[in-house]
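Down below are the structures I want you to see.
Shared between the two complexes below is chain A, which pairs with chain B and chain C, respectively.
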Partner chain A sequence: MDYSQFLYMHAELSLLAVILILFVADLVMCPDKKSGKGVYNTCLPVVLLTLHTVLNFLPCAESQSCEAFGGMYVYTPMMTVMKTVLNVGTLIVCLMAHKWLSREENLVKQGEFYLLVLFTLLGMYFMISSGHFLMFFIGLELASVPMTALVAFDKKRRESAEAGAKFILLALFSSALLLYGISLIYGASGTLYFDEIGAQLDGSLLSIFGLVLFITGLGFKISLVPFHLWTADTYEGAPTVVTGFLSVISKGAAAFVLLTILMKCFAQSELFYSWNTGMYWIIVASITVANLFAIRQNNLKRFMAFSAISQAGYLVLAIMDGTAQGMTALVFYLLVYMVSNLGAFAVMTSIEENSGKILISDYDGLYQTNPKLAFLMTLCLFSLAGIPPFAGFFSKFFVFMAAFKAGYPLLVFIALVNTVISLYYYLLIVKAMYIKQSDSPIAPFRSDAYTRLALVLSILGVIVFGIGGVFYNYIEGFSYGL
Partner chain B sequence: MESTIFILLLPFLSFLLLGVFGKWFSHKAAGLIGTASLLAVAVLSYMTAYDYFFCTARTAEGVLPTLMPYNVHWLPFFAEGLSFDMGIMLDPISVMMLIVISTVSLMVHIYSFGYMHGERGFQRYYAFLSLFTMSMLGLVVATNIFQMYMFWELVGVSSYLLIGFYYTSPAAIAASKKAFIVTRFADLFFLIGILIYGYYCRSFGFEFDQAGFAQGAAMLPLALFLMFIGGAGKSAMFPLHIWLPDAMEGPTPVSALIHAATMVVAGVFQIARLFPLWIEYAPGTLHIVAWVGAFTAFYAAAVACCQSDIKRVLAFSTISQIAFMMVALGVCTEYTTGHHHVGSLGYMASMFHLFTHAMFKALLFLGAGCIIHAVHSNEMSAMGGLRKYMPITHITFLIACLAISGIPPFSGFFSKDEILTAAFAYMPAMGWIMTAIAAMTAFYMFRLYYGIFWGTENKELHAHHTPHEAPLTMTLPLVFLALVTCGAGFLPFGHFVSADGQLYDIHLDWDIAGTSIVIAVASIFLATYIYMGERQPKADALAEKFKGLHQWAYKRFYLDEVYQYITHRIIFAHISKPIAWFDRHIIDGFFDFLANGTHALSFRIRGFQSGSVQKYAFVFLLGTLALLTIMVLA
Partner chain C sequence: MIQIEYLLVVSAVMMFAGVFGFLTRRSTLAILLSVELMLNATDLNFAVFNRMLYPEGYEGYFFALFSIAISAAESAIAIAIMINIYRMVKNIQAGELEQMKW
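Presenting the complex of A and B:
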């Protein structure tokens, strides 16, 4: 066996090394008996993760696409970009988790948190880099099982446990359908290698059935309508930090994989037209239904759940154009959505940890007491709503452009109308913070250094990606060959 | 030449520093930061000018080269071969403008220490001054028309901000809006002109020897004329001049810097910049510019004779003098200067007058600032007899008045004489018209001078508050500018700036110079005869005799009222109102429908999110089946 193949997996291996180091360090990270405070609790994972991110990102520019392990594992520069995006997101999540993990009941479990998060990430790596349906399925499961544990992390809290239960039940359900879909695809094409499937599919009913079930399975992960019903309950019940992780990282990885597999396996085949029609209706439903629900929410986490569903709709809009441009638009959208959403979640976590409040009506008059947080939240919401000059405007623009070029002007129009509606509900929060008065506003507080770092990173992204079209061009540079 | 980038960067940095962190600085510190950065800019500009004019080798044809120390492709146009560039271009006129802008701006910075002392928003004031200076410098060193346009707009914004500096005064707010709207309106044409130019000539640059120009020749006159409308807006040419007199609501040093010396000559600069195109492709249009200029010069001079607010008199005199520069450019008929062709003399004359005018007009405004500072009023009735109280202001103001009237050896004489020579060479009628306007200039300037420094002292007002000479920070710039005004006329200006860049020796045509001196002196005597005495029975009698005419000119020929009528009665009532109705009922109605519909629908479907897992899985499955149906049928 040629061991040099392992070198292609350097991202996975270095992440595994981080996990192992943290596994050992967990023994030390347990709270000190005397002070009751954690040792190395956030800085060690953050430093390791930063190192890992930088190490894996740097050499990717000159690397070439290649395969390893008989085509089970695929490596392309674009995948490294995607993994780096996920790395940065995870880093921000770890930073904002600090305060929450410093709670008394969480101190003992904090090592678990990092391990679960990183295992999820590892699963996504394999999912992204897979060249074979089995590999893809293993990656998917590796990502979703620790995710369930994360959702139920506050296991003594009823809502968290309930959210975990709902999540695992529906995840199993969708996995079963996905696996069924894969087996049908195997039946129709006689192979599970992505590269070979395209040529074998003939548009028969069997292959359409397989494709539909496959889309269903990933649609669940991305939380597209009508596979989204778990989202609101799970997001509400899960700890806020985990909700942030769930809404960005897991969704992003799944959307990326959906696009790569659709393009590799189905874009050249007879199924191209039918998956486009299917996606068309899913997108319309996702964007519209989520917007309709988002308007009525008062719990901010539930609100963010519906916002995430509608954002997912915009995200897969890029898939309609099965080309490199769509891929670029998708990754850029993801990057921008990640910083905007994590920024908003960092503010929410910080407020929840300091005052225990999570309702939109609790945010009334926030500007009076915590003007800086209110301002940052506003920037993130503006970016989510797509107001120029923030990053969200450009990412939406590129996605719309990709869909428009693919020949779906009506779809773009529907999406635009929905953008207007989304503006309304995002601005509801801004209104609460700036205009409404409250008898019992959230008391002023100073957030900790880690949260602040997370906020700075996110806001920097929101602003810098908005100004610099450079990033889009940069990502575009990798999109050849996918 | 690489240091030129700091000429733009320093004021920008000082703007950022003062604009963002202004309230952390004391007034003194803020003023010092602004002034120090401007001092550095001035020193750099002088060094650049020295380097450029004296140390740069002329080309084989004896022309000063055009240098481009910086030029970056900022935004490329895909597939069009066009791009928006940003950079720095040095050629004779841009270097000359660097000197004018940095000198006057530095003087104004120093002067403002005294004038704005203790004002609220002192830091903001200096921040805006820096912003303006940066924009104006960027405008003159632009490497292409688009960069020029960008800075052109920035100049407009900073002018708007500075006119409305006293934002608690309704008059200042109205004036700033008026200035912004009128110039923006004109700039719209400028932009259209740029786009036509770019589309047909395939270039935004200032290198006019490409093949593209010949193929776009048919459209060039139109493009240039549209650009001229933009320039006419900034340079206050009739009928777009209405904003400039009102702009005097801003602080007086601002009027000196922006509305007398630098920004308002941007239109002249624009024509000079595109001069080779004008001469080659649109000479007929260029002469239209000359006649517009001549009319404006006359109109403004006539109005200036009847105003009582000293800043307004100066404002109209500025309009009139800028019109002189326009005329000078407009009467040009050739490009080459070889063998002393008078056909291209106007170009040099215009730039020369721009230079000298900037200095003496800034001096006049700064002097007026000292006077206003002393008597706390803009009205001539509050003044009179001030020469005893304010000797320095008096002498320097007199020097400037002599310069603008065209009395040798002050600078205005030399530049105005070149303009008159050029006008006579184009058409004797034009020459006589301009000579007559020059006479009017001398008359109204001395009317102003006597009204302020001689005449009846307003004892009643001065009893409360004796006028006093301004502090040193204010008089120092006056003295400096007065010295420049005395000496600038002797500069061999044609050696630095001429239409095609060749050396050009200025020589006085004594027929014309003699006539203009005689007429100017006669006008001054007339003004002395009418206005110098304690009382002015003759002036009152004249005003009484020509009551209608006087009132007409005093009200600026009711042009503002005409505009009011057109905008309010015609445009607002018949165009804007229907559009507003459409917006309110059709467009807003659509969005209201969207909002109400969304709300109603979201209320109806809320039952789906029930919380029961079995139901979720059921919907999941139904969704899958629906998707399958869609995809199979597709």
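Presenting the complex of A and C:
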């Protein structure tokens, strides 16, 4: 056995090292009941995670794609870019979790929070780098089991437990469908390696049924429309920080893997037609239905849930174009969506922690009391809606361009119409903050340094990624047509 | 020797009995049982395909083993959440999980 192949897994190994260090740190420095105050709080995990991100991203420029462990594990520079995107998102989530974790009931649980978040990230790494369905499945479950624990993290709050129950039951259901699909694909092709499946499948009914179940299973994870029913409840019940993590990171990783697998395994003509038609209608339904439901929400977290479903529709739009361009558009869209959404969630967390308010009607008159937060929230919402100077416009533009080139002008048109609808409901919040008056607005407060750092990072992303295609071209340098 | 169709029919019936149970049961524990039925159907499928169609390798058997282990882990965390809910509302009927709606 050649032990040097472990080096290809440097991203996973260094993340594992971070997890182990945090585990020991939690053991040694865990706050006890008497002194009360936690010894390490946010600082250590953030520093370690930053180190891990930088160390793994720097050498990716000159490295080549390769396989390890007999093709179970695949490594390409593009996957490193994707992992770095997820790292940055996790970093922002950890930063904005500070205030929430400093609550008295959460102080003893802060070590668990970081471990669960990082194990979820580790699962996504394996899922992204998989070259075999078994590896993919283990990564998927490693990502979704700790995620359940995160959703039910507020043990004493009933909504949190209820959200956790709904999440785990539907995660199990979708895993079972996914597994049944994989088993049928195995029956039709006789292999589970992504590279070999493509040549073995001939478009028989068995393989089409397997494909449908497979897309259904992943559709639950990305929360596309016919499979989205758990999303709003889970997002509402979960702690706000976890909702931010759930809406961006897990969704993005699953969408990337869906693109990879569809293009590697099911790209031949007969199967291509069947999944392409299916995805077409799924995208139309996701974007439209979620937009219509988002208009009537009053809870901001539920609102963001439906916004996230519709954004997932745009994300998957890039899959329709299975070339290098589609992949670049997907990763760039995810990057921009991540900073905009996490920025909005950082504002929401900050307001919820300081005033306990989460309804849209609570945000009335926010501009009078907290003008800076209101302004940052506006920037993020504009970016989510895709208004030109901000990054969201360019990411949507690249996705539309990819889908248009792939030959779906009608789909792009429907998506464009929906962008206008989404602008309406994003502006509802802006209107509440700036124009509406309130008798009891949220009192002015100053958020803590970590939250401010998270906000700065997100807003920087929203503005910087908007300055033209430098980042897009940079990502394009790594992408590959499958 | 038993033909492959019989075995596949058994697994398909198990699978869709599980789906039916998942959609109709009122108790969350019964829902969990239904999901286990679905997962077992997939394990059976893997073993059958491996034994009958591709006996030269062991991919299907190994997949079944891993999926049993992973589904056990998932059920454990699901039951932990159910116990937590039971402590709060003294009931684990699915109808109790309706604090949040539309």
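Brief remarks follow.
The working rule: the second predicted complex is superposed on the first by the 471 of 482 C-alpha atoms of A that agree within 3 Å, B and C clash if a C-alpha of one lies under 4 Å from a C-alpha of the other, contacts with A are read in each partner's own complex, and residues count from 1 in each chain.
In the analysis below, a contact is a pair of C-beta atoms (placed from the backbone, for glycine too) under 8 Å apart; a residue touches a chain by one contact, two chains touch by 3 or more.
Since we're looking at a predicted model, the values are computed, not measured.
When the shared chain is aligned, chain C comes close enough to touch A:T148, but chain B does not.
Of the two partner chains, chain C is the only one touched by A:T191; chain B is not. Looking at the shared chain after the overlay, A:D233 reaches both chain B and chain C.
Within the superposed three-chain model, A:I21 lies out of touch with both chain B and chain C [touch as defined at top].
By the touch criterion stated above, A:C43 is placed in contact with neither chain B nor chain C. By the touch criterion defined above, A:V470 lies against neither chain B nor chain C after alignment on the C-alpha atoms of chain A. When the shared chain is aligned, chain B comes close enough to touch A:I282, but chain C does not. Within the superposed three-chain model, A:L169 lies in touch with chain B and with chain C [touch as defined at top].
In the three-chain superposition model, chain A touches both chain B and chain C at residues 165-166, 169, 173, 177, 232-233. In the complex of the two chains, the chain C residues touching chain A come out as 15, 18, 22, 28, 31-32, 35, 38-39, 41-42, 45-46, 49-50, 53-54, 59-60, 62-63, 66-67, 70-71, 73-75, 77-78, 81-82, 84-85, 88-89, 97, 99-102. Contact residues of chain A toward chain C in the complex are 133-134, 137-138, 141, 145, 148-149, 152, 155, 158-159, 161-166, 168-169, 171-173, 175-177, 179-180, 182-184, 186-187, 190-192, 232-233, 236-237. Residues 591, 594-595, 598-599, 601-603, 605-606, 608-609, 611, 613, 615-617, 619-620, 622-624, 626-628, 630-632, 634 of chain B touch chain A in their complex. Interface residues of chain A facing chain B in the complex, by the touch rule stated above, are 165-166, 169-170, 173-174, 177, 205, 208-209, 211-213, 215-216, 220, 225-227, 229-230, 232-233, 273-275, 277-278, 281-282, 289, 291-293, 295-296, 417, 420-421, 424.
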